[in-house]
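Chain naming follows the written order as A, B, C and D, and within any one chain the residues start at number 1.
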Amino acid sequence: MIKGEISKLESYSVSNIIQKGGTILRSARSKDFTTKEGRKIAYDQLQSLGIEGLVAIGGDGTFTGANIFFEEYGIPTIGAPGTIDNDLYGTDYTIGYDTAVNTALDAIDKIRDTADSHDRVFFIEVMGRDSGYIAIPCAIGGGAEIVMIPETDTSIDYVVDTLRTGWSRSKTSFIVIIAEGGEEGSATEVAAKVQTALPHMDARVTILGHVQRGGSPTAADRMLASQLGIACVEGLLTGRKNEMAGIINGELVYTPFIDTITKDKPINPEFINMVNILSS
Amino acid sequence: MIKGEISKLESYSVSNIIQKGGTILRSARSKDFTTKEGRKIAYDQLQSLGIEGLVAIGGDGTFTGANIFFEEYGIPTIGAPGTIDNDLYGTDYTIGYDTAVNTALDAIDKIRDTADSHDRVFFIEVMGRDSGYIAIPCAIGGGAEIVMIPETDTSIDYVVDTLRTGWSRSKTSFIVIIAEGGEEGSATEVAAKVQTALPHMDARVTILGHVQRGGSPTAADRMLASQLGIACVEGLLTGRKNEMAGIINGELVYTPFIDTITKDKPINPEFINMVNILSS
Amino acid sequence: MIKGEISKLESYSVSNIIQKGGTILRSARSKDFTTKEGRKIAYDQLQSLGIEGLVAIGGDGTFTGANIFFEEYGIPTIGAPGTIDNDLYGTDYTIGYDTAVNTALDAIDKIRDTADSHDRVFFIEVMGRDSGYIAIPCAIGGGAEIVMIPETDTSIDYVVDTLRTGWSRSKTSFIVIIAEGGEEGSATEVAAKVQTALPHMDARVTILGHVQRGGSPTAADRMLASQLGIACVEGLLTGRKNEMAGIINGELVYTPFIDTITKDKPINPEFINMVNILSS
Amino acid sequence: MIKGEISKLESYSVSNIIQKGGTILRSARSKDFTTKEGRKIAYDQLQSLGIEGLVAIGGDGTFTGANIFFEEYGIPTIGAPGTIDNDLYGTDYTIGYDTAVNTALDAIDKIRDTADSHDRVFFIEVMGRDSGYIAIPCAIGGGAEIVMIPETDTSIDYVVDTLRTGWSRSKTSFIVIIAEGGEEGSATEVAAKVQTALPHMDARVTILGHVQRGGSPTAADRMLASQLGIACVEGLLTGRKNEMAGIINGELVYTPFIDTITKDKPINPEFINMVNILSS
């Protein structure tokens, strides 16, 4: 919007893209849009092209910007929840989340294949700076023994005790899933701390990083993106503004941006409990 | 149960299986269980081993059998919906459905890569004898132009007309998704009929078949199976019987077997509509 | 060349394409190029653009055309072997073959997951109109019991006998790999013929079709394409013409088009023997 | 051998395992076997069971042990090259290498999907403690701009310069592949050093770790393992001993263990050159 790199998209413009990771829009965070000057330029661009509504794809940051832009210039915007983190109020699932979880799980499955040596512990860092939304299904679906997420403040002592107990029952290998935003630091740091307490442990670290942000989208993500894409356009056409389209319990729901930014969507505590039931 | 091939499963018995396709139980349809004599033998086996409850994994047929078995012998059974078809009343999703759809979609993506020649039409047969539950997300997520499902009775004439119209707009290739149970027959038969009407068409047929029944389960299927596995055991422990555990709108729900057998779960008509919106 | 749809490709034109299936060139078979008039137009296009050499990607047909074009107009051409079939003299492997085999094998693995019922036989049709190059590694790598390839004329009687013998040893399921060009017809036809002889058999058919032609290329295919791409350009720059670049025993080799068209590359008979050793 | 955990494997013992990662043998490094006492116990076990020959699957370490064991007790051993690193004299490819490269490449492809922000640099650590065998095809096949392998001692200065030059040409993102055994340390350490020189760089680190050791084997690895498995048995039956079976230029070759341990198999320098040609 600020640089005026705006094109009209016809239906053929999006043919053959649904199976691809990444974005054909090549959009990314913009520092300029956080300034009053930047937003003025963006508004002028829209005016000169006669654009009367926006669809904003993203999370907290994107909708905060869209909200400010609306207050300043009154351009109606509908948002689509496009973030792999899933911790966004106003929708059960965000676009990209199912793909990210499946990608991480696929990596964990491969690590599990090699879990053949006694005393070996795999520390696997997955994304999720503020929540365990990605880590929890990875732990349940990947058969992990321990999961460290921001919600529960799992301590190094707990990890050390669990490993000791497991070894005493002659379990041969362990998988510890670590959400990147945990109190105890990155997988490398956690592994080093545990190693100090358990010197004979054979620790192996995997940091998946941006691998989780790419890849061909899953069926569920394609369905969700298709549904919400239609909902964004229909929302604008029927006069909606400053709301995010989402699916809650299978129903299309529009939620004010301000709620998506300020309200929390806590992870289902039952899922945290399931890790304990299934790993014991 | 009939042959007495019954083992006690400890928690280590199921370690390292969550990522695998197929079943470690090696269970399959049993003709003997459809007879009064077969069920008598099964009951005697359970009696002699002191087994007081059953978990039945399957669909319509499995629950019909479980229902009869309960009426005859009073053994409480809780069911888990394990079928890739998803057309089962009492749960939003069945275990295996998400995996089957992603597998089919992956095949369609590969076919799309080769969609480079004019006049070429791909006829792809997916599973779904009685419903379009698998075909619909394949069509939306795979960017298909036409989908033929039992629910809509798409005619050969409609396929022929759509292809003619597309060619007149210089579309270069077409994907037609066909649920196996359609009125117009298998993908091979549909392709032959359309070929008669459009002799210059270059038709290619793919029949995925049992490929859709295997493969490592997706994250969503592992979560669902884990949740419902716990629910089956807890259901029996709290005195439930003759019900299937399912998830509806994110909540655990138990539905009487008789309802899962007799009631329909129609596909969301909005999804059928989405195919038309997105392919036009 | 005939329509004049020619663009200059810079290094950034090919950035971010190596992981993709299909072709960004959108090239396909051309009927016009098989006529003297079509080739005249192509030559005039090259002349007017000052193009002095060609790289032809394909198999038999492509190189036959390139050969005729050279005889008529003297434009030097170097070929790259781009065909999934691998039956091309002058190179150990063709570009796309490794990807096609891995794709087919992945499908066979998924079918194997479901091989749980007695009397069930899977008939899986893979590509390979004139040779068993794709079928053989699928049979060895997929653990198939029977493989039907053009080179060996496996009879229906042999299939029937092998299934009978297997059942008598209580093997529970069978996989039969069928190259599409076999004497006994397609997988559907073979299954029907075997069904007549073995009425109690539960036959399931999978036809992979164009699924094998797409998908992200494997590491080996990317390496081969990178090596041969460089070799084509270097070949033209050093004055070579009418030859195909290939890798034989790890070494770059240029083979005259006429040899690639007229000579055979028989499949290693040891591999055919391996199927029998490993499936017995 | 030392613990006497020895079973007879029939052909059905290995049915349905060819598609699996890891090992059903659950074999791993043994400290005891490095001692004279340990080897004595192993020998006694073999004697008591009448075992007259061994097949050793592994790399340098495995064959060193097998060699010593033969010198002490005269038990003939044939080796199969089972290591993902590929740096083993006596075979073009080791079993597991092709799978490891394809797994790493798949991760790099996903990272490439997100390469949308200016100044972003991905540092991806792959396996290869002593060689760039895994890193090189990852760099060529993954379209990386820089590869750091033990063979070439790429300096931090070179990395910094290449990034600066790229930015000046407005390249938007970079992928740096780092073999784990490089002079400049792990991916985390390299990223930190480059960050010091280029403070505005947005560095992202991925450490694949043991992900590369698991997963369903590729077609090429299954063919190689099948060929060499047969060769090990046939080698023992025809009186061979203390040799590793390998494939060189498509031919089966047996190489004395002492050569596989002491001789080097340098990486093809042409491949290192290809990275530079293709990334420029």
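The rule is simple: contacts are C-beta pairs under 8 Å (C-beta built on N, C-alpha and C of every residue); 3 or more make two chains touch, one makes a residue touch a chain.
Protein identities per chain, from UniProt: A, B, C, D = 6-phosphofructokinase.
Computed from a predicted structure; not experimentally measured.
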Averaging C-alpha coordinates per chain, one finds the centres of chain A (6-phosphofructokinase) and chain D (6-phosphofructokinase) separated by a number of Å equal to 33
Between chain A (6-phosphofructokinase) and chain B (6-phosphofructokinase), the Cα-mean centres are separated in Å by 29
Centroid from C-alpha atoms only, then distance chain B (6-phosphofructokinase) to chain D (6-phosphofructokinase), rounded to Å. What do you get? 40
Could you tell me which residues belong to chain B (6-phosphofructokinase) and also touch two or more other chains? 109, 112, 115
Drawing the touching chains as a network, do you get a line, a ring, a star, a complete graph or other? ring
What are all the touching pairs of chains? A-B, A-D, B-C, C-D
So, in the complex, the side of chain D (6-phosphofructokinase) touching chain C (6-phosphofructokinase) is made of residues 11, 15-16, 18-19, 92, 98, 101-102, 105-106, 109, 112, 115, 137-138, 140-143, 216, 218-220, 222-223, 226-227, 230, 249-250, 268, 271, 274, 277-278, 280
Parts of chain C (6-phosphofructokinase) lying in touch with chain B (6-phosphofructokinase), wherever the complex brings them together: 20-23, 26-29, 103, 107, 109-118, 122, 188, 204-215
